[in-house]
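The following pair of complexes shares a single chain, chain A, combined with chain B in the former and chain C in the latter.
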Partner chain A sequence: MSQAQHDAHDGHGDHGSPFIQHHFDDGQHQFDTGKLGIWFFLVQEILFFSALFVAYILYRNHHPEIFAYAHHYLDVKWGAINTAVLIVSSLTAAWSVRAAQLNQQKLLVGLLAATIACAFGFLGIKYVEYTHKIHEGILFGNRFDPCVSSGGEALPNKKNHCHGVKSSVVWDAKTKAAAKGCLEGDFDQDPAMARIQASCEVAEVTFQGTGAKRVEQSRRSIVACDTTPLEGKTGWAARRPRAASSASPCWELINNPWVCPKGPAAMVYYGDHAARGHQIEIEVANCKAAPKPTEPTDVFGDVVRPGGPGQATYVRHEPVSKHELALEVSNGPPPPHTNMFFSIYFAMTGLHGLHVLMGIFVYIWLLIRATKGQFGPAYFGPVDYAALYWHLVDLIWIFLFPLLYLIH
Partner chain B sequence: MSTTHDDENTKSYLEVNPGWRNWLVTLDHKRIGMMYLFGILGALLLGGFFALLVRAELFMPGLTFVGKDWYNKFFTLHGAVMVFLVIIPGIPAALGNMILPIQLGAPDVAFPRLNLASFYLWCAGATLLLLAVVLGGVDTGWTFYTPYSLQSQTAVLPAVLGAFLLGFSSIFTGLNFLVTIHKFRPAKMGWFQMPLNVWALYATALMQVLATPVLGITLLLLFVERFIGIGVFDPTLGGDPVLFQHFFWFYSHPAVYIMILPAMGVVSELMTVFCRKPIFGYRFIAYSSVSLALLSFLVWGHHMFVSGQSRLANMVFSALTFSVGIPSAIKVFNWASTLYKGDIRLQTPMLYALSFLILFTIGGLTGIFLAILSVDVQLHDTYFVVAHFHYVMMGSALVAFLGGLHYWWPKVSGRMYPERLGQYCAVGVFVGFNLTFLPQFVMGSRGMPRRYWDYDPEYWHYHQASTIGAFILGISLFIVVCYMMWSFKNGKKASQNPWGGTTLEWSAPTPPTLYNFPEPPELHELYVYDDLVEDEANGNWVRKPASGSRPAGGH
Partner chain C sequence: MASDHDKHDDHGHGLAHVASSKTLLGTWITLMFLTVITVTATRIDLGPSYNLALAMAIAVVKATLVLLFFMHLRYDKLFHSVLVAGGILAAALFVGFALMDSSQYQQTIIWDPSHPPLPPFGPIPVP
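What follows is the complex of A and B.
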């Protein structure tokens, strides 16, 4: 390193490119400095993502059943296409550096444009995946309310925005008025029922299929209800089912495993009356405890029998492959806190997507500069540094794809 | 920049391209450092104001002139402003930006535009924190622990976003310094011929680049959780609130070393110059700086001894925390040995350096007390911890910042601050500081919890002493800021080398020209003072003409 002192300030031409800055000795000094700078930047980017990888590892370790179930929600096909798209874009990015070094201006512009195109392709596919998830209610935190199980079976869904929904029920004044007289004793007279009614949310009614079958498939709709324990349980449970009057939506109250843990459930059932008929049975019940298994089972339903002193042996009910097991698990309702998988999924892919977007801005800037012929053998630092950044973005996806999409 | 060729080499950086518009878009590291300095001193007064409100509330038991909710907001804002706006940027952003390139004989930092971007990010972060104040404050504590920070109805979002931007300001500054130190040293300045201030800034920059991104993602997750409920930390959604603590402290422990290492670098410089002898154990100090930076990543769990960590984890973190005290102790021994048989001059910077030595010893040792598991279980969340960290963050880091500020002020402003007043204020700071925080050790060990607005009458006299000390400290600091501002225009003109230093900044003009050195400076042996003599008339130290050859380079 020569004396880092700016000597004759006689313009920039002597450095070989107008983009060599004042305080550097020469172009090589600027390039080396920038290279070290971008490497340090990449190191800190890795640390920026690291917390999410740590969270992934921790949650996976503590709740493997959530990960085994939830990853089926992700479409491996889109993930694989995205992986291929990013790898191609890494090729075009690296090649663009070579083109700049060899003064192949047209090729440089083409490759930068190709990198941007691939990046847009990646974001486009992410858009498809994300909108599908929003549509299906497969989101993070409180918003995890899927329309289907990860094996594809219909599930009760609170927010009523799954495909095939015929109608929904809202506890509004008109509906309440129509419901009057449905039950023995008016809702408004019974404080317990009134409290349920007042605090209920929109019922999810999932209708799929057509014709008469429609109604049958909607039996598992639920409504989230009042969770305060009712006094006078006997009175509540003692209601007898009775036929409803005609031409009005009536309430059918059934047990539902999703809602039961929270307290007594009320279900609103509003269907195609032509198919359903006007005979609506009303059952009121408290939530029943889940039936105890006859033998103690572990997470996968294998029976645990005590072996020798301090030992347990596991007896499978029937031989089932791990793959089938995973599928079996995925056909039921999600295990509790499956939303955590999606919290991590959206945090990781969202942050990654933001970095792809930032990369697009960088590459557009480079493309504009390249069309003005600003890069060449004497000065190609920005192309080089951007390609390094882009390779890191690609690398992070290459970790995300197997961790989220592929492993059980 | 539209300077003429001559202007660059004759006018000082303060005069060239005048006008506030030129300052706001400057690429000159000295101007950026100066702007940071003004911002940081302003933030110091703001954070200090909040501290005085807290201490005033605690002057008497039960007296509620601010109200309980506001009390929570004041200690939170005091912490957040001081940590994120003052102490973490403090020495690197203000003093480091102004001095580092000059100490390396370089015309600027590696990435001047990134430097300006760092400053803009600091301003944006400061604005957001001020916005949080205006929107009613934050009451979560500066540590933003979940789940309360997810539920609090106060202005958490702007505060967290502000801290996030400040994190990136810090990362980019660190990145800039790392690359500058690697790529802009003169050929004859190898690693072991660098000033110790540069070693300290290097180790700090390593931590800034490696640790701060983890705070970034943590705050981003917290922000997103509050904003759209992503649910990573919320226990009702299956998240883990203690995970937040792990992520937070994984950054915040190195952060405290980001605060103290540059301070140690400054003190190394002050000790050698004001004792007129070479620093004792140069290599030990250099190595211990880097090892402190690396070890600091291993001890974050000592903030979480009572958060439900396993016993094994607690023991491991406790043992590692003991080991992280060793490099600091090595430095204290080296500084004390430098003092031995030195020709000690008690000018203001040296008074701060001596204060640092005493206060850091107390702060560091009490940290070791807290590293002991059984002791920490008693002292966690008491005033003992508060006193410990104020001894290291304020009594050490801030005091060293003030020492460095007074030391380099003549160089960067071209003016001397008023020396006598400076010495009085240094004593005022020392006395006020100890009066504030020594009683806090005692009451903490007797059970006074932290973050409480009220207390049992048994603690009353400690709190009174503490509040009185706080006001003495606050007044002294306020006077310091005032006379520094005054001296900018009215101070006595400073000479080129008023303290007789041997590092390269004292070869630059006072104040430096735009690119620091009109001619390349000559590299002299570091920390060797034999051939510097003071010219009494104008307070300038000059080199005696060299007689015979002198070996270049350090030890």
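What follows is the complex of A and C.
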């Protein structure tokens, strides 16, 4: 391949390039051989990625609700920009082949550099996306511990929640997160367990709230409870589940900590008032985990009853489609196993990103060779093969983008 | 497209066909346009399966354009197209066979004994 080698065996006549190796008949033979090789490689790449598409199709078929919910975590804007960046880089890559074929050396160098710049741009945007997900705990497997729901509402997670008996929770409306403290119970990834957190004795409630006109600030002990059941989506709330007894106020934290509605950040019922405010501190003590629901339900609220050995029977409450239910929950807690979406997401985009990274190395190598003027009409195989590889990377992304970002 | 490539760069004695600038730019503009279309189409509610079908149809068109023009398959040896078609066929067979029995899978894998697995999809047994 080296110049010296070629000089030593200069028996091939006027092929015009020192890079024609002597075991090929001529430049055309070498080019066609290389091209066949790269096509075989690309075909096995298709098969390589198709294994990940199997995982995708299987999981999406079985758990459409997860995909309908989880794609809201992804920003279509970044995905669309990255698609455009890759298509631009595909153009520069395709054009670089043309430039080499027409011996436009300066244009070739410029286009190869532009392709590298686009590849870095793509990875830069992926970096922004990945960093955000790492920061928010939107990760794969048991690392999935999001700070917010896909609709952007705050969720308790391991960063703002600690195990064991807690003393107080401060809910901050501005940051939409538990500012300090923790609640009893392991919410982990299962919203079904979060419906009823724990029964606790509430020692004291402090709240700062905004009334219609004045800012109210008070601190008082709870002596009585409102027994009115709260509606499901009132943010942090506490109510007394049993008959009021001022002697020993035992409250049950109910609310769905997974859903913090817009408006009041928190609501606490005490006495015959409902306190709502931007910061409410609930001090609780002697918490016990609430009993689990007796009837196991699935994520759609359907009751699952054992139907015999190894079988179960569904009791459908409402004739609603999974899609409707998925939409319904998109602002609520993640459905169980939402982490699977991100396992698939990171596997697919990660493998694709790795290909982009490899492409950068290849293109840097091409750029160095191009600045030495090594490519021309008689020898441009590497430029062509790299461009083919690069187009395949683009092609994979053409499918990944709608499948991951554009779920309706 | 064929006539335009004849009168342009490819005079039949390069190592390979030279894509005309018109072809490259035209392909690029079409790809960008289809990207805008596919993003816009997400906002229209056609029902989940039709939205998916539309997005996939657009992706297939885009992929075909990339294969035919950016990857030169339209002007290249037929054998390379046969290879690609064979690869796609093999991938389809692989995906198809892998998913063939997927309706028999458990919906969830047991990872918490207190949450028993749900039964597989399929006809719901009548109690």
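The rule is short, and it goes like this: the second predicted complex is superposed on the first by the 223 of 408 C-alpha atoms of A that agree within 3 Å, B and C clash if a C-alpha of one lies under 4 Å from a C-alpha of the other, contacts with A are read in each partner's own complex, and residues count from 1 in each chain.
Assume a contact is a pair of C-beta atoms (placed from the backbone, for glycine too) under 8 Å apart; a residue touches a chain by one contact, two chains touch by 3 or more.
Not measured: the values here are computed from a predicted model.
Novice: In the overlay, answer first, second, both or neither for which of chain B and chain C A:L388 touches.
Specialist: Only chain C is touched by A:L388; chain B is not.
Novice: Classify the contacts of A:H22 with the two partner chains as first (chain B alone), second (chain C alone), both, or neither.
Specialist: first
Novice: Thinking of the overlay built on chain A, is A:T131 touched by chain B (first), by chain C (second), by both, or by neither?
Specialist: neither
Novice: Please indicate which partner A:P402 is in contact with in the superposed arrangement: first for chain B, second for chain C, both, or neither.
Specialist: second
Novice: Between chain B and chain C, whom does A:I57 touch in the aligned arrangement: first, second, both, or neither?
Specialist: Touch partner of A:I57: chain C, not chain B.
Novice: Once the structures are superposed on A, label A:N339 by its partner contacts, choosing first (chain B), second (chain C), both or neither.
Specialist: A:N339: touches chain B, not chain C.
Novice: If we overlay the two complexes on their shared chain A, which of chain B and chain C does A:R143 touch? Say first, second, both or neither.
Specialist: First partner only, chain B.
Novice: Go through the superposed model and pick first if A:A347 touches only chain B, second if only chain C, both, or neither.
Specialist: In the superposition, A:A347 contacts chain B only.
Novice: Does chain B (first) or chain C (second) touch A:T371, or do both, or does neither?
Specialist: Once the two structures are laid over each other on A, A:T371 reaches no partner at all.
Novice: On chain A, which partner's contacts cover more residues, chain B's or chain C's?
Specialist: C
Novice: Across the two complexes, what residues of chain A are contacted by chain B and by chain C?
Specialist: In the superposed arrangement, which is not itself an observed complex, chain A uses residues 32, 36, 40, 43-44, 47, 50-51, 54, 58, 63, 336-337 for both chain B and chain C.
Novice: Which residues of chain A touch chain B in the complex?
Specialist: 1-6, 9, 21-23, 29, 32-33, 36-37, 40-41, 43-45, 47-52, 54-55, 58-59, 63, 140-143, 336-337, 339-340, 343-344, 346-347, 351
Novice: What residues of chain B sit close enough to touch chain A in their complex?
Specialist: 5, 8, 104-108, 110-112, 114, 171, 175-176, 178-179, 182-187, 209-214, 216-218, 220-221, 224-225, 228-232, 234, 237-240, 243, 247, 250, 515, 517, 519-520
Novice: Which positions of chain C touch chain A when the two form their complex?
Specialist: It is residues 9, 14-16, 18-19, 21, 24-25, 27-28, 31-32, 35, 38-39, 42, 45-46, 48, 51-52, 55-56, 58-59, 62-63, 66-67, 69-71, 76-77, 79-80, 83-84, 86-88, 90-91, 94-95, 98-99, 102, 105, 107-108, 112, 114-116, 118-119, 121, 124-125, 127 of chain C that touch chain A.
Novice: Name, in rising order, each residue of chain A that touches chain C in their complex.
Specialist: Those residues of chain A that touch chain C are 27-28, 31-32, 35-36, 39-40, 42-44, 46-47, 50-51, 53-54, 57-58, 61-64, 68, 76, 80, 83-84, 87-88, 90-91, 93-95, 97-98, 101-102, 190, 192, 292, 296, 298, 304-305, 307, 311-314, 323, 336-337, 377-378, 380-381, 384, 387-388, 391-392, 394-395, 398-399, 401-403, 406-408.
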